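These are the structures in question, set out in turn.
Shared chain: subunit A. Partners: subunit B in the first complex, subunit C in the second.
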Partner chain A sequence: MTVTTDLDLETREALAELVLSVADDEFVIGFWDSEWTGIAPMLEEDVATSSIAQDEIGHAKALYELLGELIGEEADHIAFGRDADGYRHASLLNHRRGDWAFSVARRYLYETADAVRLGALAHSAHEPLALLTGKMRREETYHLLHAEAWLRRLADASDEAPERLADAIRALWTDAQDVFAPLAGEEVLVRSGMLPIPMRALHADWQARVRPTLEPIAGSLPATAPSLDGRERRSDDFAWLHSEFTSVARTEERATW
Partner chain B sequence: MTGTADRIWEVFRQEDEGAPMIHAGNVNAPDPELALHYAREFYGRRGESHRLWIVPREAITELDDPDLLKPPFDRSHKKPGGYIIKHKLEAAKQRALGETGE
Partner chain C sequence: MVSAAAGSSVERVWAELATIPDPEIPAISVVDLGVIGSVAVDQDRVRVELLPTFVGCPAIGVMQEQIGERIGALGVAPAVDVIVTYNPPWTSDRISDAGREALRRSGFAPPAPMPTGPLLGQLDELAVLPVAECPYCGSRNTSLDNPFGPTLCRAIYHCTDCRQPFEQFKRI
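Showing the complex of A and B:
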């Protein structure tokens, strides 16, 4: 395993924290949404949801490989070899999939936040990260279109869908902020241009972007900021998901599949 | 969600620029936007398509009347196989060679 050595230790650790946070977000939402495989509202949507979930796992894989080069560890081991407490996804992704409206609301919140974050990372001074996130952005464009399409449909429906959607948005709003939770080594990353825009500025961009869409659906949403432990709190829902997605890997650790 | 997916869209795909558009299959979707997303998932998610056309089935004018397509009379005089032009081509070629040779 090669280790990227042209960075000083402090920068490398900060960069690893950043890459891990994005990777875990993609990995965990990919697993949650794959919980719809076989039971989505219609066959075509079943294929689309499963395919998008698979795309996210693909992004996570590429990010874990990048991280592996930074810290000298195998991507598979980073993905499947940690205890539940070791994951650094945003608390937005601590919740189980819920009903369809809940999953649509979460996907919209996540995709919009991810788009803002990738927009900054695609200009990272760390070239491998800029290249990879630039590629991810191209695929996430479609994910975002699809999430927006469903958000509008549920919001404009005539049955109970708008109310369920509004409930889900209100339930997830506070935790959604945590996609922009401050990172331990953020100052170093901003100074070196590896994270070209600080998280708090990205957070402000994101809020300005989603409020005009979400408030007509869910009513006035409280002013709220990312929490300091927004990537450290783990839930029972996630503990269950973790036991599911590590179940095969745990049968034989360090096996070559 | 029954009742939301009551339209059928026929999907045509092109493998490379300039290649013919070939019928790939069809998807159910309530409107053009989701039809496009689903066509992308069914006929493009593996990178196998260069371009897709997504057409509402009701926009297609169908012709399958055997009286128009398979009339009961001998059609051989309408097929190119009815004319043997091999010898005529050969003669024309010789003539052309003779002219340039002069």
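Showing the complex of A and C:
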């Protein structure tokens, strides 16, 4: 078993970058989805979206705790103590929730990408990460099935739903690639088996998986690669979300719950 | 070396744990729910490993606290550590037969057994079973209303025969 203290500085920094990227993705999509609580299109979906959002924020919490052990910081401080520019979520998660079709398109893009990523991380040589992501993967299977069901429902609907869905897929396609943006120190992680498959190979797996589903809905999607700064660009939408989810932490710095 | 006295301490801890209810579904104990991974006792401390049903389960902290207090009161060792671990991961197959019966009696359909074989290769088959057995009338003429229920670990079904909505503890 790999113990945190056994890691050299280079490996620990690279691993911290990887864990932070997954944690921030789960944290930010969890908060965006929680924006639907109370106003989802129907009651059953309100419950489902809220439950999924709670899962994602729970995953983020566990990942921030794992990261906290790596870098010697409190999970709460990592989650709520950074400026908006310090977050490392993929640019796919920079957009506000939009209409329902937009949220469904994003959730499908994110869940499929996350499934590919978790499939690799569950075999990480860093045992605490492998155990946690292996457990998360079981839960995410439910999210994925739910996202697929909604994608089909909107794509097969009459009226404007298929068109709104197609517009959303085209609008998000380029940013969706950035879930697989290269990480600083990635070679070190691949060499040590902590990230068993490089991001560019995971990206290729994901594209092969989603194109046959998405192109009949949205038309031909451009060949595009993750951008180098795909986890560094922050948006006005995210700045707003950040001000929302840090508001309690900022007003009550010593609060515990 | 494990002495006879230490052995009986471990048994006392397990017996006490069997009386601690799950905070969200009090009809079932934490032992029958399968969330206790292991118990170890030495002269300084009791160590209990807790396996969360879901990573984001908000009841984990409450469980840790309750277990810490109740086991601490037993006085088998000066300190109690309740450690959260995913090794092994909790799965719905860890719910005991007695636990399944307790769930049924309080209106929850117990989760169906997992498919056998290496699990990571079969995740897609982990789909929520479209049918659960109604805990009220035993009918399998039921439909899945929502794979997401009032807590992370529960799905909502409807019984077509007795027209009763009910929840299933999710298969995972």
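Just a few scattered comments:
To be clear about the criterion, the second predicted complex is superposed on the first by the 252 of 257 C-alpha atoms of A that agree within 3 Å, B and C clash if a C-alpha of one lies under 4 Å from a C-alpha of the other, contacts with A are read in each partner's own complex, and residues count from 1 in each chain.
Convention: contacts are C-beta pairs under 8 Å (C-beta built on N, C-alpha and C of every residue); 3 or more make two chains touch, one makes a residue touch a chain.
As the structure is a prediction and not an experimental result, all values here were calculated from the model.
Subunit B and subunit C, once both complexes are superposed via subunit A, clash. When both complexes are overlaid on chain A, the residue A:His59 reaches subunit C alone and has no touch with subunit B.
By the touch criterion stated above, A:His146 is placed in contact with subunit B and with subunit C alike.
Shared-chain residue A:Ala125: touches no atom of subunit B or subunit C.
Once the two complexes are overlaid on the shared chain, A:Lys135 sits against subunit C while remaining clear of subunit B. Judged by the touch definition given at the top, the superposed model places A:Leu228 against neither subunit B nor subunit C. When the two complexes are overlaid, the chain among subunit B and subunit C that reaches more residues of subunit A is C. After overlaying the two complexes on the shared chain, residue contacts for A:Met42 are found with subunit B alone; subunit C is out of touch.
Put simply, subunit A uses residues 44, 47-48, 51, 142, 145-146 to touch subunit B in one complex and subunit C in the other. Those residues of subunit A that touch subunit B in the complex are listed here as 41-45, 47-48, 51, 142, 145-146, 149, 153.
For subunit C in complex with subunit A, the touching residues are 52, 54-58, 85-87, 89-91, 120, 123-124, 126-128, 145-152, 156, 170, 172. Of all residues in subunit B, only 1, 4-5, 27-30, 33-34, 37-38, 40-42, 45 touch subunit A in the complex they form.
Of all residues in subunit A, only 44, 47-48, 51-52, 54-59, 61-62, 122, 127, 131-132, 134-139, 141-142, 145-146 touch subunit C in the complex they form.
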